[in-house]
Amino acid sequence: MALFLDILVAFSLVAIAWRIMRAPGHFQAVVLFITFGLLLSLAWARLNSPDIALAEAAVGAGLAGVLLLDTLRAVAQPGKVKTGAHFSWLLLPCLLLAGLLTLSIIHIQPDSQGLARAVEAGMQTTSLEYPVTAVLLDFRGYDTWLELGVLLAAVLGLLCVRRKKSIRAPLLPAPAEPVGRWLISILLPLILLVGGFLLWLGAFAPGGAFQAGVVWAAGGVLLWQAGHPSLGALPVSLWRTGAVLGFALFWLLAATALIRNEPMLTHPQAKAWILAVEYAAALSIAVCLTSLAIGGQKSEDRNQKSEVRDQRSGDRCQITNNR
Amino acid sequence: MHGFYIYAITAILLFCLGLWGLAFHRNLLRKIVALNVMAGGVFLFFISIANPDQSGEVDPVPQAMVLTGIVVAISLTAFALCLARRIHEKTGQNELDTSCSIEDGDG
Amino acid sequence: MNLNFWLPLLVLCSSLFAGLIIFMLDESRSRLRTALNLFAAAFKVVAVHYMAYRLLVHGEMHQVGFSMGLGFEFLIKVDFLSLMFLALSSNLWLVTTLYAVGYLEGSPNRSRFFGFFSLCVTASTGIAMAGNLITFFIFYEFLTLTTYPLVVHRETRQALEAGRNYLWYTIGGGSVLFVGIVWLHVLAGPFNFTDTGVLEALDPAHYSTLVIIFALLIAGLGVKAALVPLHGWLPVAMVAPAPVSALLHAVAVVKAGAFGIVRVVFDVYDREFAAGLGLLEPLAIVAAVTIIFGSVRALMQTDLKKRLAYSTVSQVSYITLGAAILAPFSTVAAIVHLVHQGIMKITLFFCAGNIAETLGLHSVRDMGGVGRRMPVTAICFTVAAFGMIGVPPVAGFVSKWYLGLGGMDAGLEWVVGIMVLSSMLNAAYFLPVVKTIWFKHAQKKWRTKHSGRFEAPLTLLLPALATASMSLLAGLWAGWTWSPLGIAEQIAAGMGALP
Amino acid sequence: MESLLVLVPLAAAMGSFLAPGRGIASWGFLTSLAIPALAAGTAMDVYQHGARRISLGGWAEPLGIHLHMDGLSVIFLIMTALVGALISIYSAFFFKRDTARHFWPLWLLMWAALNSLFMVSDIFNAYVVLELVTICAAALAVLSGKTESLQAGLRYLMVAMAGSLAFLLGVGFLYAETGMLDMFMLSWELQGGPVAAAAFGLMTTGLVMKSALLPFHFWLPPAHGEAPAPVSALLSALVIKGSFFLLLRLWVGVFEPAGITSHAAYVLGCLGVLAVLWGSYQALIQPRLKLIIAYSSVAQVGYLFLMFPLLCTVPEAPWAEKAWAGGTYQAISHGLAKAALFLAAGNLILSTGTDRIHYMKNIASRLPMTTFTLGLAGISLMGLPPSGGFVAKWMFMQAILESGQWWWAVAPVLGGLLTAGYVFRILGYAFLLAEKEPRMLPVPFVLEKIPLILALCSILIGFRAEEIIFLLQEHMLWAIEVEGDS
């Protein structure tokens, strides 16, 4: 039965992926992609990885879906649907590659324990109780730190493309029906609570900074979609601080170790330290993901004027001083 | 045991389909979707090796790596989509203009 | 202060630093530039002669070197052969600088010109003092690069065309040379120039490879030495200003190629070993063909500078020919002709430049009456031309005489035939010029720019006079111990060629 | 010391992000002062005491992530420090304030990532760092906001993403085979076999895509040609080297001991030769200076790939030292010379408003310093003596002839000639008299001097190879004992 379920999930994944590639309409492809994300999280739940399933559902299906749909709406070309595909013959080499890789997969001995033993040994020392969180924040904290850096860089890149000083989201007009506001007033506290709960959970059970950050980011996107003015009222400096906070705390963690003359990122195994970093990381992830989701908008407020000016001058970088 | 091979091979197929889609589509949005399918395949592979025998014991390291990978992927996707939108605003096209000769602009 | 260490560096740096400082000078500061230039050149002459004194009289070895790891060694070392070339280039740099100052007066971009001019001399100094093939190659390519801006100095399309031509030839030749040198290092490991060659100790299994490498080296060097069929760039490069042509033909580029061939044959392969591999005969034949070909082509030119250019093609190959004949006398001839050809050819170019600059004459046919209008220039020209033909007692005679003797010694009688034929051809293209200058009347009115006490500005006249007298003296006092011939004989003796 | 190489630019990146005021460039200045000193300190340390590792967070292998410093990483660190610092100073004077606001955080973040990449020891960490470099590089490439640059940036981003994913899948395969992520451990553990071969193929392909080797070179010329000059310089001089460095590390450190590299090495060598010829040919026919320089990068990257057939086909080859020296010298001198060229091109654009070489007539007299820079950097690219490029070419050639794989000699010889072709094509126009005097603006002092310094460095490193070769010889990859250090 379990085998049957696995085969079913696997087959559907491949079938949907195939449909995503072949779908004639872009909208169809995006919707299929969201389905694909949900199915993927199902597969991961099957593989005993609830953290990843949660994250994938929130990001792969949720946030990526929102982003894709949003972009699709913005770049839609009314009246003409051009698939514009070429190189269909490349399918053959790709399948060949798949065959080769499959051949080598046959040779994998699936009894390898990987680093599970080493993690178990490490769990004796670390102050965290849940292994995934321990790997993320402690054993391989450097990766997580730099991952926050990637997130920050994406936001910086977005600002660079949009030539904005900060994400001042173009506030959509509030929804006509009061249902939207009502929904927000119910949903938002719930979202905040769920996120906080996940964060707290992460210390000893599936959950943690990333999942919490994603949930909060969903709240932010919701606020924006509903046209709530609160995001626009956020001061720029606060926003900047929020985006960089997790990263900065990690930096502090790394730097203080140097002062104590220990290798970078070594920290006293006190839970408070790690939790502070984790909470800050969650906040930063939320801020950055919200910014990524809504910051790609074309500016329509007063920034637009300055954007036009920026573009004109940005084409030729010139010197301001030292003439 | 078999579950591992099923998911690992699925992962490979997803990766290769995504790769093909990346080359196959001209539309930028579709290319980005294809990249995400590729990423999904890679992540699935990691999780399948984290849990080879589908018993309760799961290797936490690949899980952590996938979580990191998901964040990286969404960051890059968001940035790529933003670029695609900007290109659409400037050219009205959703494709990379391959015929656009890079020789024409000055500077 | 250890002079054995510092002196070669001083010699090298005198022109290098002069060049670098001149680059930074403002265009308008021509006095300072000239002073600096002349001072550096004079300093170099003094330093070189002092070094020569120390080497010849006290037998001091001057050497500087540092390793760059993995057998990559930068070595500057002064031996007798270096000294010949050094003395030639430093003396001629001094006179050419003087000449160039007068020649380019008032023209644009002089800082650039003199800067590269100095660098160019630095390169040929480095070539002279290089103690191994790597160092030689470094300076050899440096020379290529520093002469390019000089060739294109006039910034006309024609000049650029010539520059491009020059580059393709020389950089192509450089690559071939590069392959040859690296290959040799792979076979033989790191080595320096020695009087007895270095390759004899190698496993005989490598001998066939050595032949290929020799071909690569000669092909690479032959581009600069203008061996037929690699000479194509030289006549085209005549668009450059006269001092540049003088430098190219007498001191730097062509001579560097010939000097390299001498080094490879004498100090890398050793003449007898090379002869054993059967390498010298083909080289001699190529040189002989070049000698005849150059002369024939010179005969067909009406432009004086072009004629001189082809004459260079022919004359420089005497050096190669001398190196390629396994006989003591021809060795001496090869070495001594390095100097003799330089001083005679530079005189000719100075004179041609004088005539072109003062009277605006380029074609041989228009030169009637020049002898009366510019007697000093005409005398200098005549002396040098006679030298080229091989009329005693001018220096050229000595070289040809020894070359012929060497050919006889080695049992290669055809060499004498080549000498005779070449001299006749030389006469055939130089004598009409001399005749026109002295015995024909002017056909049209001259476009004279110069009106002074002398027939031409002194800066143009004195260098020509100096080099002409040098070529005369080198012939007259050939028997003196420290004359070019005397030193060449000592070098040959050092190699075991002369008793 | 080595941790500071990452910490300092990250702090500056955060600082410039949080305080993007008038003095934003001072963050860059401070970093450019600190990093070369830190890199030199690290280099001295490695030079005197040999290679070393630090365990981040105090977690030893195989669990924790390590930073690994040996001769190779130190050389790349120093190159990055030197080039990065000089380009930073240039940028401080080049960018207007509203562009600078975007430039500095991204560049400083990328600098930290590059430093981290050159000390990388963990393959998954390598993936994260690579992605950080990629996203910063892509964002910097679109800094000018022009349509062409946006398109080029997106193309680069997608190729790089695909490459990273292939690399990541390879990481998965390696982990499945060995249960290790640390390269140092892998070099002991990894045996041959189909899984290792699959990982090898995937990781190599991914990194080759990011390094713009021939069939994947298409993204490079537009991306590097359309970006603002300092960004082009950074991308060409440093970013490609990052993925190349990682490739070298993996091949020599991990896959070569496992004995699966030999055939693939010939493939990479062939692609390298083709890249040299094709890139140089394309550079010969481009009408714009920056595109010439960008295609020249395609060619110069090809040289680097000659290292693989020389190093990874015969175990313990006697010519390995020379191939090492050749490759590293090529990487360094290309970094310096290419940065100089792009910055000089930037000056030309500032002065004349265009980089079409037909409009570049007579710059030899008008902008002598810039022309001189172009010439010097060109010498190093051509591999003419005396320059770093020459040492590289010499060492390569010796290794090639010694190994008996003489056919690779095509690349240095023919490539050198073609390079001379395009370098002198530029200089030829520079010396040509213009019919009418073009309108030229003066170039500020600093902007003119920085490229000159870079070009001079690329020449001067040719005079002193011994220390670098020593660093490579004595402290080659993984040349330390297993120890529970930190």
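What to note about this one:
Order of writing sets the chain letters: A, B, C and D. Residues in each chain are counted from 1.
By our rule, a contact is a pair of C-beta atoms (placed from the backbone, for glycine too) under 8 Å apart; a residue touches a chain by one contact, two chains touch by 3 or more.
Owing to the predicted nature of the structure, the values given are computational and were not obtained by experimental measurement.
Averaging Cα atoms per chain gives one point for each, and the point farthest from that of chain D is the centre of C. Should one ask which of C-D and A-B has more C-beta pairs in contact, the pair is A-B.
Here the chain at the heart of the structure, going by C-alpha means, is D.
Rounded to whole angstrom units, the spacing between the C-alpha centres of chain B and chain C is 66. Distance between chain C and chain D, defined via averaged C-alpha coordinates, is recorded as 43 Å. Put simply, the C-alpha centre of chain A and that of chain B have 13 angstrom between them. Computed from the mean C-alpha positions, the centre of chain A lies at a distance of 30 Å from the centre of chain D.
Of all residues in chain B, those touching 2 or more other chains are 15, 19, 32, 49, 61-62, 65, 68, 72, 75-76, 79, 83-84, 86, 107, listed in ascending order.
Looking at chain D, one finds that residues 124, 128, 131, 135, 138-139, 142, 146, 150, 175-176, 181, 353 touch two or more other chains. Counting partner chains per residue, chain C shows two or more touched chains at no residue at all. By the definition given earlier, chain contacts exist for A-B, A-D, B-D, C-D. The part of chain D that touches chain A in the complex is made up of residues 3-4, 6-7, 10-11, 14, 17-18, 20, 54-59, 62-65, 67, 93-99, 101-102, 105-106, 109, 112-113, 116, 124-125, 128-129, 131-132, 135-136, 138-140, 142-146, 150, 173, 175-181, 193-195, 197-198, 202, 228-229, 350, 353, 442, 444-447, 486. Of all residues in chain D, those touching chain B in their complex are 124, 127-128, 131, 134-135, 138-139, 142, 146-148, 150-155, 157-158, 161-162, 165, 168-169, 171-172, 175-176, 181, 221-222, 225-226, 286-288, 291, 349, 353-356. Put simply, chain D touches chain C in their complex at residues 321-322, 325, 362, 364-365, 368, 372, 375, 379, 382, 384-386, 390-391, 393-395, 397-398, 401-402, 409, 413, 416-417, 420, 424, 427-428, 431-433, 463-466, 469-470.
Chain B makes touch with chain A in their complex at residues 1-10, 12-21, 23-27, 29-30, 32-34, 36-37, 40, 43-44, 47-54, 56-68, 70-72, 74-79, 81-86, 88-89, 92, 94-95, 107. Considering their complex, residues 23, 67-70, 72, 74, 108-109, 112, 134, 137-139, 141-142, 144-145, 148-149, 152, 155-157, 160, 163-164, 167, 171-172, 174-175, 178-179, 182-183, 185-186 of chain C touch chain D.
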